[in-house]
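I've put the structures underneath this note.
Heads up, the next two complexes both have chain A, just with different partners, chain B and then chain C.
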Partner chain A sequence: MSLTKIRLQEERKLWRKDHPFGFFAKPVKTADGSLDLTTWKAGIPGRDNTLWAEGTYPVTITFPDEYPSKPPKVKFPAGFYHPNVYPSGTICLSILNEEQDWRPAITLKQIVLGIQELLGNPNPDSPAQEPAWRAFAKDKVTYEKKIKEQAKRYVNYSFN
Partner chain B sequence: MDFDEVLMMLHHCKWQQEELMDRFYDNREKLLADCGINKSNDTVCGFNHVSSFSCSICCEDYSAVETFSLSCGHEFCINCYGSYVRTEVTLGNLIRCMIPSCNLSIPHMVTHGEYSHNVLLKAATISHISGRKVNYKWCPAPDCDGLVHLLKARKTGQSRLEDVNEFEELVDSESADLQSIPIVLCPRDHEFCYACQYENHLPCTCLLVKRWIKKCNDDSETVNWIDANTRACPSCTASIEKNGGCNHMTCSTCKHQFCWICLGEWSLHGTNYFRCNSFSSDMKEQIGEQKKVKRESLQRYLHYYKRFALHESSMKGDIKTLDKVHQKMSIFMEEQSKTNPNILSWIDVQFLQDAFRALTSGRKTLKWAYCFGFYLQKGNYADVFEQIQEYLSRSVEDLSKIFEQIIHKDNRGKSTAIIMNQKLDIMNLSSLITKRRKTLMECASSGLADGLLKLEML
Partner chain C sequence: MDVNLIQVQQHIERLYSTRDPGEIQSLQSVLLNLQRQDDGHLAKSLLGTNSKNCQYFGALTYTVVINNIREFDESHLQSLKNDLISSIGNNTYNWLVIKKLISNYCLLFIFNYKQFQADPINSLLVQLTVEELIKKEQINELHEIMFSQLFPYVYSTYEHLNSCLISSIPYSVHILGLDCLNSWIGYISMSETQSKIRYTDTPELTRYVFSFLEGLQFDSSESLELINKSVSAITEILEVNPNMLDFNKKLYLKSLLFEETKFGGRFINEIVLNVNVNEEFTDEISNFVNLCIIFLQNGLLNMAKHLTEPTNRFILNLLLKLTNYPGIPKVEENVSDQFLSFWEEFFNVFIDDEEAFDSLYKDENTKLEFYSTRNAICNEVCKIYWEKIKLPAPEQLQLNRSDFFYFKSTVGDFFSIVYSLLKLSFYKDLVELAGSKFSSSELDLNGLESALFILHKVNDDSTFYESQSNLLINPINSLMEAGLLKILPSLTPAIPNYFNFVSTFINFISSIQFYLKTDHGPKYLGDILEFLFSIIINSKDPKLSLTSSKTILNICQECGPHLVVFLPTLKNLLNEMIQNDQIDNLIRARMANSYISISHSANLKSPREFSSVLIELLSVIETRAGNLMANVSILEEHAEDYLISLLSCVTEIGKSSVLPGEVEDLYTQEEANAVSDFWKNDTTVKPLILSIIRKYSIDFQPFSNKSTITEICCQIFKTGLNEPIHNPFKFDLPVIFEYLALKIRHCDANSLYHIFKLIETITLTNYKLLDELTVNDLLTNVFIPHFKDHDSNSDPDMLSSSTDVFTSMLDKKPSLLLYSNVNLFVEVLHYSVNLFKSNEVSIIKSLSKFWTAVILLKRGSQQDQELVQNIFQQSLGRLLLQELLSSFLNNSRSSLECYYLVFRSLISKYQLFVKNWLMEILPNMNWKHVNDHDKKLFIDKLLLTRGQRSANEVLKKFWLQVNGLVEFNSKNY
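Up next is the complex of A and B:
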């Protein structure tokens, strides 16, 4: 079995043993019913007492063949409203960037916690989409309204 | 501080020595921490052979494996560290420990045992260069990996070329100041223009080169030819070349019948055959005149282009010949040094190298002089320029002939003798070429500067 697979199985074991409250993450099923360890679906709950609190936001995590030398790619659904999420849904976060802070020892738990942190604390210095970034920088009222609307859409969200 | 630590600090400070000194004396502890250098911990950084090890990166349990750890003690198997380093090294940054909270850097030495193959340093150099494209240019010659670094102090003095914008302006502007063309020499003796990254194109300006290349490449001349030699069918506008004597034309495409001379419908000519001659003879002359001008311009272009292309191909031929001469000479020198070491030394045949260089650069100048000539307006000074070009051309051909003789098959076995006999000629000719090249350049540059030579932008 390849190094990537072994590590991913270990990640899965670790996640089962211990994961932060409100989160879920599991590999997707392939057409023949077996598990595809290189693609995961995960849900990230908004932190309590923030605009995001109500929702649980779905992400798709794709692990490249070079994992863990290279970071996985994490995507929200396309069109997700957040200053650091590209229109395609790809998340712009330093620990997920090979050229920035990715290290092979970063675990799945650290990744999803990092994304939860990013939800409530966008980084205005690396804009990835225009509408959310502009609203965040110039029009807080609209921004908060949009975030709350989005949170409502993702209440009780789950993958089936 | 050992060598590796200094290298890491320099790397961290992006190779700015001054910045490093400042930060070092300002807050030494902080600089060391930022660079990921650990001075306090006693744990030794390095490779270990361990038994029963579980690597937290690949999650494999090994019964015996080689591991690596920095002085932080974060230990991982060599496979994981290896693939991590191989991915990271292409980025050209310092490589940190695999634990996200740990800031220690891997010393350069570890990425490869020998400094001569310091992959990290190489990657760092490349990323450094690509971040400063203005100051560095790769040599455009084929297979050459020479790099030119632009320093502030410039040979040509007047030109301030540190700024990118000014470079681009230089390429675009019609400035005819040949002095300001930044011709540089790469470490392997290839001359090229720093502004447009083309070979040494003196006496032409960058703009002239751009236009010339474009003219030679696109089919504007084909269009000119079609215009000069064919007529469009008055009905369907297909291009028709007349291949017989009769002026009664039938278009092969649309079967339209017309008169070649006046382009009028043939049926109108009917019984009054060739009545078209009496009608508006001025018009006809005008058209004829236009065609003549176009033909002339095509001829003129072809004249210069042929010579330009000929010198280009001769240059390739010369290079082949020179390679052969060089080979022969090397073999000869080797044999001789075994048998008779005192007669001839490498210094005695150094003149050959100079001659090679003179010949190739002479050809290059000749070639571009034709491009220059094409855009040059006729006049007395243009004649002078052409005369000088002629002189240069003569000495280049003479030298080329000598080299040709050396490798000619009739002279097999005598080549080295010819070289030594003709040594004086070769030396004279190469210095003559160098001088005449210089004269040509000076003529072009001073002529343009004083307004004696004028360029016509066609």
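Up next is the complex of A and C:
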């Protein structure tokens, strides 16, 4: 078994044992019903008492062959509204960047918690899309309105 | 140190009595300052006072002193040791002070162990020493001393304890003994990680801890406390230091835990399952369950392999009994939740090693017995959890609502794992179970809810691929045929947990789209939609309405052709929603999309009919919006949102008017031509859409300067741009440009971004339809007026988005920009050079793409290349390099990446020129840390790279040198 697969199985075990409240993450199933450990679907709940609180935001996590030497790629749906999310949905976060803060020891739990943190605390120095970045910097009313609208699209009834 | 002791005492008393946070902070600051300056005298003086607060503060002051000075000279150390020992022996202090003083003594030992002689340290001291040690990173030598000097003492203590009867030693000593042992277990693990020391021979320690499980009855709280501490200690051993138990010890532990007549069996019967006492001992039960789980997790594979052996069968039955611990999960009990992760891991062993298990048994009968046992256990566990996730009474649920639902969700994931293992037969059982809850004479709503919840979770997880979802069509069909939807009238707000039940039902419906779109689906769609509509209209829970609207949208998009018969209902509902400003804006937009999705799929080959539907709906929207606009003098937020939502409905109509698949799959060539021609010559729908756009974005004054409106209008135009044949939202480009030319005269700066983005999309998707004349008009009417009004300090988004438009032209069809008007092109270039004065990352990123496209002209002809080369060689190249270099060197380290590609493109394309330009530019640029030699070296190194990736490094080093900084390697960690 490759190192990547071993690590991913370990991540799956760790996640099952201990994952933060309200989150979910699991490998997708392939056409023959078996698990594809290199692609995961996950849900990131917005933090309570924030504009993001109502929703659970879906992400796709793709692990490259070189994982954990290289970081996974994490994507929201295309067009996701956030200053640090590219129009394609790819998340711009230093811990997901090989050139920046990625470390092989970073776990899936740390990644999703990092993304949850990013939702409510965008990094103004790393713009990835213009509409959200501009509104965040210059027009907070519009920004907050859009975030609330988006949260409604991802309303989650599972934990109520 | 000269301090006023009375004043210090007053400060301390005040610190422990005041509630004013400001005062506390100020007192803490003063006192901490004094503590930091102390060498032990203040601490000693405070211990000598009569006040308990001051005595404790004195002990705390010793901690600060020791942590501050750490390594003491001999006399100071001796005096501190004496003071501490005499204070520890002072029987007027309370326990907290004594404990703190002993901790200080240990701390002193840790920092100064080389100067310590073998001291008569009692067992408590040993425990505290290892506890302090665990908190700090230690050196090997100290671990050696701990091993050679302290551990023998500890070990002999336990030898002595083991030689006595448990009952002959006071309870308090055993408590201390177990606490001390717990600390040592943690320390041993740490010590073995940090040093070469190995604690290989520790039978007396494990003997001591096992003795409580062997010899005690559960007849007093003291015995249970000792047992509980032993259980925790053994768990700790298994978790952090399993090597302390050899094979025989583990076997022994297994028998202790799982044999009926021994500790575990008795504990389960007398405590865990004894309803008269188990509520009192929740912590003890939780600890015991935890120990069982951790013990078994260390040998899961082995247990799975020997599943049919009587011992394992017995253990598994015991675990099932524990899993089925009475009570509501997370409200009344936690045991079932603790076991959930165990069962997950256990069944995953069969999934992960499926092939190995299959080849394990050669004999067919043994294999059958193995699988049948495995499946029986799976089913048994599932049965327990299915019962466990049934909704309790609302008042009980209220006690720990979120944790219960979290548990329920985890159980759902667990069932998905079991489905992976048992596959279709398991799914059929689940369906049968769900069916049994409504087909008998009495409807069991709670049981049905649990079953539907699980089915929804399994469906969500297993139906991405058609090959997988096809397997589930028949079972779902049998459920529907059994009359699942007949229960809908029973779902009234009067039933307990109504919202949860409805939510589960909606989620289940949403998860069987794969079934509803088959030929089986249509006969059920009516009831389903009626139910979902009723939720939207009547529900008092906004989340439920939103979930319902999302499900309707998905059904309409997936099952459009089957839903034609519901169009009148949907139409009435939508009309009502358009008129009613109290409806949620997102729900209104989703319903517009749903309605048009069905209409479109029903009229794919009848554009005339589709056109009638669109006209009717768009007219309703236009009239409603027009009336509101005419009657509104001051636009309040709610009215504004409602009006914007009506315009968003037009966007949704546009989205649902695009073809639902490939042209060749939907039409013959003739049909495609007919549909395309119809929409090309359309004179009704498109003008209506344009009229709405115009009304909103130009005519209605409060909106004409609102960028949100411009954004939505641009989205409406975008919906049809990519369509392969004409459709109601595919506008001729001149029509869009005409609108933009008008709009640009009626808009705010924020709107420009959306306008430029629309032009960029047009360029990327329709560049073949663009010609130089159109682009010339665009440049003249849209861009140039704004360039003249804006410099590099203007709105960066506007500037970067306009640059992106040019980049898209150069990437797709350079001639559009190059020959529309050469003078204008040169003006654009000069304007873009000046933009390097900006430090905004977004502009620099856009500029980088633009200049790379200009320099490389990947799709340029020979003629295009020559034109640009001429412009560069005349003066622009040098100017560009100068601005680029200046911007690069003045920008922050995090922005450097943005520049590299332009530099490299310039070097690779204009190598010789770059050398000359640099030799002209650099002498005029002066920096403190760079001399002429450095500059020359930089030029040589840079050109040597020939524009390859290595240029990045050369540029970065020069940037560091210019800015007087040093390189740090982020990988050095």
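Quick notes on this one:
We take it that the second predicted complex is superposed on the first by the 156 of 160 C-alpha atoms of A that agree within 3 Å, B and C clash if a C-alpha of one lies under 4 Å from a C-alpha of the other, contacts with A are read in each partner's own complex, and residues count from 1 in each chain.
Definition applied: contacts are C-beta pairs under 8 Å (C-beta built on N, C-alpha and C of every residue); 3 or more make two chains touch, one makes a residue touch a chain.
No experiment lies behind these values; they were computed from the predicted model shown.
After superposition onto chain A, partners chain B and chain C are found to clash with each other.
Put chain B and chain C next to each other and count what each touches on chain A; the higher total goes to C. Once the two complexes are laid over each other on the shared chain, residue contacts for A:Trp133 go to chain C alone; chain B is not touched.
Of the two partner chains placed by superposition, only chain C is touched by A:Glu54; chain B is not.
Residue contacts after overlaying the shared chain place A:Glu66 against chain B, while chain C stays out of touching range.
Legend: residue contacts after superposition of the two complexes on their common chain; A:Gln9 is shown touching both chain B and chain C. Once the two complexes are laid over each other on the shared chain, residue contacts for A:Lys29 go to chain C alone; chain B is not touched. When the shared chain is aligned, no partner comes close enough to touch A:Glu144: not chain B, not chain C. Shared-chain residue A:Val155: touches chain C; no touch with chain B. By the touch criterion defined above, A:Ala105 reaches chain B but does not reach chain C. Contacts of A:Ile95 after superposition: chain B is touched, whereas chain C is not reached.
With the contact threshold set out at the top, residues 9, 99, 103 of chain A are in contact with chain B in one structure and with chain C in the other. Put simply, chain B touches chain A in their complex at residues 56-60, 74, 76, 79-80, 83-84, 86-87, 91, 93, 96-100.
Residues 9, 13, 16-17, 21-22, 24, 26, 28-33, 35, 54, 99-100, 103, 125, 127, 130-131, 133-134, 139, 142, 149, 152-153, 155, 157-160 of chain A touch chain C in their complex. Those residues of chain C that touch chain A in the shared complex are 341, 344-345, 348, 351-352, 401-402, 405-406, 409, 413, 416, 420, 423, 461-462, 464-465, 467-468, 499-500, 503, 507, 543-544, 546-547, 550, 584-586, 708, 711, 750, 753, 797, 800-801, 841-842, 894, 970, 973. The touching residues of chain A, when paired with chain B in their complex, are 3, 6-7, 9-10, 66, 68-70, 95, 98-99, 101, 103-106, 110.
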